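Next come the structures, one after another.
After this come two complexes, each holding chain A, first together with chain B and then together with chain C.
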Partner chain A sequence: MISVQRRSGSSLSWNVACYSAAMICAFLTSAALLAFSGGDPAKAFSALLTGAFGSQNALYGSLAKATPLLLVGLGTVIAFRAKIWNIGQEGQVFAGAMAAYWMSLWVAPLPYWLAWLLIAIAGLVGGGVLGLLAGYLKVRFGTSEVISTVMLNYIVIYILAYLLDGGPWMESGLTVAYHQSSPVNPLLEWPILLGQGSGKMHIGFILALAAAAFCAVLLEKTSLGYEIRAFGSNPTALRFRGTNIRRLLLVVMLLSGALAGLAGAGELFGTSHRLRAETLLGIGSSGIVVAMVGGLRPSGVMLAALFFGALKSGAIYMRLKSGTPAGLVSAMEGLVLLFFLCAAVATKLQLVRVEEKVHA
Partner chain B sequence: MVRPVVVEELLKVQNLTKRFGAVAANDGVSLDVRKGEIHCLFGENGAGKSTLSACLYGYYRADSGEIVFKGKTAELNSPADALRLGIGMVHQHFVLVSNFTVLENIIVGSSDVGVFLNKSEARRKVVALCQECGIDIDLDREIWQLSVGEQQWVEILKALYFGAELLILDEPTAVLTPQQSDQLFRIISGMRSRGLSIILISHKLREVMQSDRVTILRKGKVVATVETAGSTAEAITALMVGHKVTKHVRDRTVTPAGDFLSVRNVCAKGDWAEDVLKDVSFDIAKHEVLGLAGVAGNGQKELFEVLMGVRAASSGGFSLDGEAIVAPTSREMLDRGVGFVPDDRFREGLIPEFGTAENLVLGWQRAPEYRRGPFLDRRKLGVLARKKIEEFKVVTASAELPVERLSGGNAQRVILAREFLHARGLLLANQPTRGLDVAASEFVYEKILEKRAAGFAVLLASEELDDLLRLCDRIAVIFKGRIMGIVRPEETSLLDLGMMMAGDAKEPERTVQ
Partner chain C sequence: MAPNITRRAALLGSAGAILLAGFARTFAAEPTKLKIAIIMESRVDVGWCSTLLDSLNKIKGEIAPTVDLSWEYTDPLWNEDAENAMRLYAESGEYDIIWGHGRYSDQIKKLNTEFPDIMFVVAGSGNAPIGANQYWLYKRLHEPSYLLGMLAGRTTKSGVIGLVGTFAADDVNDQINAYLEGARSVRSDIQHRVSFIGSWSDNALAAEHANVQIASGADVVFMLTDNFKPCEEHNIMCFANISDQSKNAPTALASSAVINWEPDLKWLVGEWQKHKAGGQFSGNAEPKWFSMADGGTDIAPFHEFEAKLPDAVKQEIAATRQKILSRELVVAVNTAEVK
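Our next item is the complex of A and B:
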């Protein structure tokens, strides 16, 4: 008889086996889904791969898509490691983009590097303040951050709708129907480091990598990281041992929101160059998926962001080439998450052979 | 034909082994329990008492070995199986519905309850049970109105109502006053004379000596099963630890001098705004251990929280070394050199997912001595952890192994190591030996007395009254948030303490310093 038991340590080979199995399962179920919806899985997957890695530009495009996911994922890691369930990344991405856009209306006369810095900071502050607001509601009134962050998403998204649909930021000379702002001042666009045409990787990718290194060091090496991890394990003991856990919670929400806000700013000034809800929608929720798949570790999040970036980038090509419905890509994302979460549980278990009891 | 004398065996355990990973919690355990006997399982922490009882009650499935109940091999896959066979268990933490009546709690979940409760039939049965065992309880009171001791009777009645012939009691006196414990033992012996068998898990010698036989476990193995009447407390202890244990006593040549902590008229509210501390005043001098005796839940926890700065006093206050402490925070108290050993060690004293090394600096993670620039000095933490693991004899695979995987005694050693390292002047210890075995407790006491010798003021709350009497310079008794009196050990008896702990206003001579 084989019995399933908790594993006392962790084993690298078993981890690899679990996550490989998860990948294969996600791949097979996605293929089944494609076949069911009338597509040709082989054709679709080859289109997906070509779209993601087929050329240098495709590769840069994948990195560009990975950039906001990595930043949001890192913000999620900071919060989730403290077991603070910030799931308002959508709104924080929007708030970051909006704050950065607002800043760009003022800083054009300044030297480029200063303007760039101020825009990036505005993005951080925009997302951070929104996170901080949810944190304040929790500290002051005991509001669950799960509820408040999600509700704030709606508030922020509708504020943007107001600003763009007949509000002060509506593109001049156009009707409401476009729901978008005028293009940002071209002089303020973030520098493109690699690629051209459809596949351009902007400086935000470097920022995101730096943020990943920052988060890894923060969590594992610093006193603040110690407190964040301790908060996630046992906030009561931390409070008994002299840490102001209210302040800590605010700091975590600020950091978490700021990283999402930077993702919004980067997306606006590096990729879309126009404030528009559709280009920002879904980054927050995908970023949470990336954080979970990455095992809430900055290094894992980096890999997961690259994977999901490639998936998103390849999906565009797949849709054009094989006519698969757009919704399938979200479904595939969901399947990957589902199987990875299963794998994460499986890594903590082991199979043990148990001798059968012999009854007299 | 000569018939041998048959002692009727109710339960027979043969060669039972239960492993957790590489560790054998029970290693070839064999034991038999006779009909109508009180059989004690005695052993240190981690000796395998709880695992064995969990196997008997169907929580765990033994890896190998056999459990024979009433002459038949018992297949115990769940507590429901155990109950069906007639094995009941009363846990340390009661599983009662607090706004149900006694009767409702007893009959809830029993198989003869249909859609509609037939209470009159059940009542007759329960009343009969009460009479048989000599339990005097009002069946219509709700659980929350009962004392802890009475709640325990309800648990016992529940098991008996379900038809238990073998009752397992897991450290039943941990939450009782001495008087309540005596009552419990009267009930248990009543049950024995009705032919019921009782397995009593305990590490208190006084209780062990009231059993018929005792099986001593050490490191998962049975050391011996002895007839209690033919043995002595010393012999049984020696069997349990494998060597002789020195009991520490305070050094009377060192005398307390100079008040260090002065608590004046402290009142405080509990989590539901109820009054938990009422006008508490006392002093502790340097070189003094002040004991705090009381049944758990009489305000000890809140008193420690006030002194630690995590609960605000609603009036009154305290001073430390002559300096009044105003609106303290836990940060300030730590910085003032107060060491704190909380009673709920995994909830209030440790970060379960952290290893020993990181837990040793909990509260001091920002202290310059453990940092290098903005970073925690991991190397220094590692060196410190290895030193303390050795000094405090913490049994752990490594300094990084999460402390949630340590036994209660080892986790406590990690806390002690941290507090003794950082405290300067005042040590607050709430139930530091709760759940620890004799040897581990003595280790804690030895360390506390070392601090006393070094000039510390120590507040030591404990339910082990014998220990308080030999360790403390004075003992304060707390009942319902009020200090009932402060007595000197040499002028007081266990009985006096018990009376005061139960709220007896007839205080023994009150000693005022």
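Our next item is the complex of A and C:
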């Protein structure tokens, strides 16, 4: 008789098998959806791959799309490894972009490198402060971070709506009364490192890689990282060890929010160049998906961010070349998440042959 | 005396006629192919987009002798995705016009000099005056809104009329001001309730705003958003805009201020033909709009309200419409925000 039991350790080959199976299942169900909606799965997937990796520019475009997802995903890893359920990444991305935009209004006369640095720091601070606020509400009043972060999302988005709809940041000009700022000062745009046309990779990607290295070292090699992981597995033991839990919680929320905020700043100054809610919407939630698919490990998040970045980048090509409905791309992302979560559970289990007792 | 036509002459004549027809067909100018790629800002069932597709279908046959018009359109795309889609279309070399049906001049600014032989088109407010090969279409619905305002002024019992707007944008304010002006042209003591939901598509919020206005006495509401449920639930008369939305709420929607893109399309086709004949693109820096007299806008039929509205009111609306069409009555464009 075969029985399913909890696995005591981890097996690399079993993990690879589980996640490969998840990937295959996700693509097969996506293909079924495509076929069901009247599309040609082979044509669609071929277009997707061409759009994501078919040329140098396509590759740079995929890396650019991966950049904010990687940063938000890393922030999510820090919080979720401590089992602190920060789901306010959406608002933190907005707060980072808003703080960076505010900073850009002041720093134009400074040398470029200093202005650029201050804008990046403002992004970190904007997202970090919002995370810290949710953390403060938790340690001071015991407010669930799930509720406070979600509510803060709304608050930040509506503050931006006020600022851009008749407020001080609204673009002035002919026929303009929309939710958007004027374009950012072109002198303050983040430098494009590689690519041109539709595939431009800005310096934010390097910052995201640096952040991934920082998170990996933080979580695995530092005492703070140990405390974060320990808080996630046994907070009571950590408390008895003498760790200042309140401080730890605040630091985690600060770091988590700061990384999301940097993603917002990068998206504004590296890609969209105009503060507008619709360019930032969805980055936070996609980043959470990336963190989950990446198994809450920095290396996994890097791979997941590249995968989802490529999916987003190739999706346009797929939509135009194969006529795939827009909703199907989101459905594919959802399917990947679903199967990867199943795979994550499966990696912790094993199949064991159990001999049936023979009754005399 | 009847002409004496021999059998040989008849055969020769027939053959000549057939040959002549063949030559005529061969040498007649073939219609020029014109292919448009359209980047949609919203779903195609939303009035802003559906009216464009309707107009394209209408003019296709009309211009068929000279232009073989075809088009493709996308799902809603914005920002970088829109730019990438435009680039894909441009690089394919298959399209003569790339049409961003909304606020896309940011994207076009990055492409238009790279593809100088492609005509780029944007529509609506929020765009920038790039000129060159970017053409900027605009829609002003103030004239049909004036007529709807007259209808509201004539039919309100409470003397309070409402408007639920999206944003206090230039091309929303003009409709609101004209609507109120129309209402006050027939009843000077009209009071109004105006609110903006701060979204183009939040129908739930639109319903909340409409309910509040109705609760505060409005018994005719101009819904510049797409939710007419409150009108049906409170059994009050409402109006819509952009497209004829009567089918969505036939018992509540008396009429709509509607957009026609035919004059815009014909103008653009003409501009494109000039370029094709060797001329330079000369995209307009000022937004270009076509009035009711030009065929750019109108009011929709009354549908179920045809039988409900008093004849005198309908006649008054029809007469005023004729005055606008003949340019005897000029409805001013007032884009000031109404509080």
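Going forward, the second predicted complex is superposed on the first by the 350 of 360 C-alpha atoms of A that agree within 3 Å, B and C clash if a C-alpha of one lies under 4 Å from a C-alpha of the other, contacts with A are read in each partner's own complex, and residues count from 1 in each chain.
Simple rule for what comes next: a residue touches a chain if its C-beta (ideal position, glycine included) is under 8 Å from a C-beta of that chain, and two chains touch if they have at least 3 such contacts.
Because the structure is a prediction, the values reported are computed rather than measured.
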item: Clash-or-fit label for the pair chain B, chain C on chain A; value: fit
item: Which superposed partner A:Ala161 touches (first chain B, second chain C, both, neither); value: second
item: Touched partner set for A:Leu320, first chain B, second chain C, both or neither; value: second
item: Which of chain B and chain C A:Arg246 touches, first, second, both or neither; value: neither
item: A:Glu278 touches, of chain B and chain C: first, second, both or neither?; value: second
item: Partner chain in contact with A:Arg297 - chain B first, chain C second, else both or neither; value: neither
item: Partner chain in contact with A:Gln180 - chain B first, chain C second, else both or neither; value: second
item: Partner chain(s) touched by A:Lys83 [first = chain B, second = chain C, both, neither]; value: neither
item: Centroid geometry (CA): angle chain B/chain A/chain C, rounded to a multiple of 10 degrees; value: 140
item: Partner chain(s) touched by A:Lys43 [first = chain B, second = chain C, both, neither]; value: neither
item: Shortest CA-CA distance in Å separating chain B from chain C in the superposed model; value: 42
item: Chain A residues contacted in one complex by chain B, in the other by chain C; value: none
item: Complex interface listing, chain C residues touching chain A; value: 74-81, 83-85, 87-89, 103, 106, 125-129, 138, 167-173, 198, 286-287
item: Sites on chain B touched by chain A in the complex; value: 21-22, 63-64, 73, 308, 310, 329-331, 333-335, 340, 342, 346-354, 358, 362-363, 365-366, 371, 374-376, 378
item: Of all residues in chain A, those that touch chain B in their complex; value: 8, 217, 221-223, 226-227, 229-230, 232-234, 236-244, 354-355, 357, 359-360
item: In the complex with chain C, residue positions of chain A that touch it; value: 61, 161, 165-166, 173-180, 183, 197-198, 271-274, 276, 278-279, 316-317, 319-321, 325-326
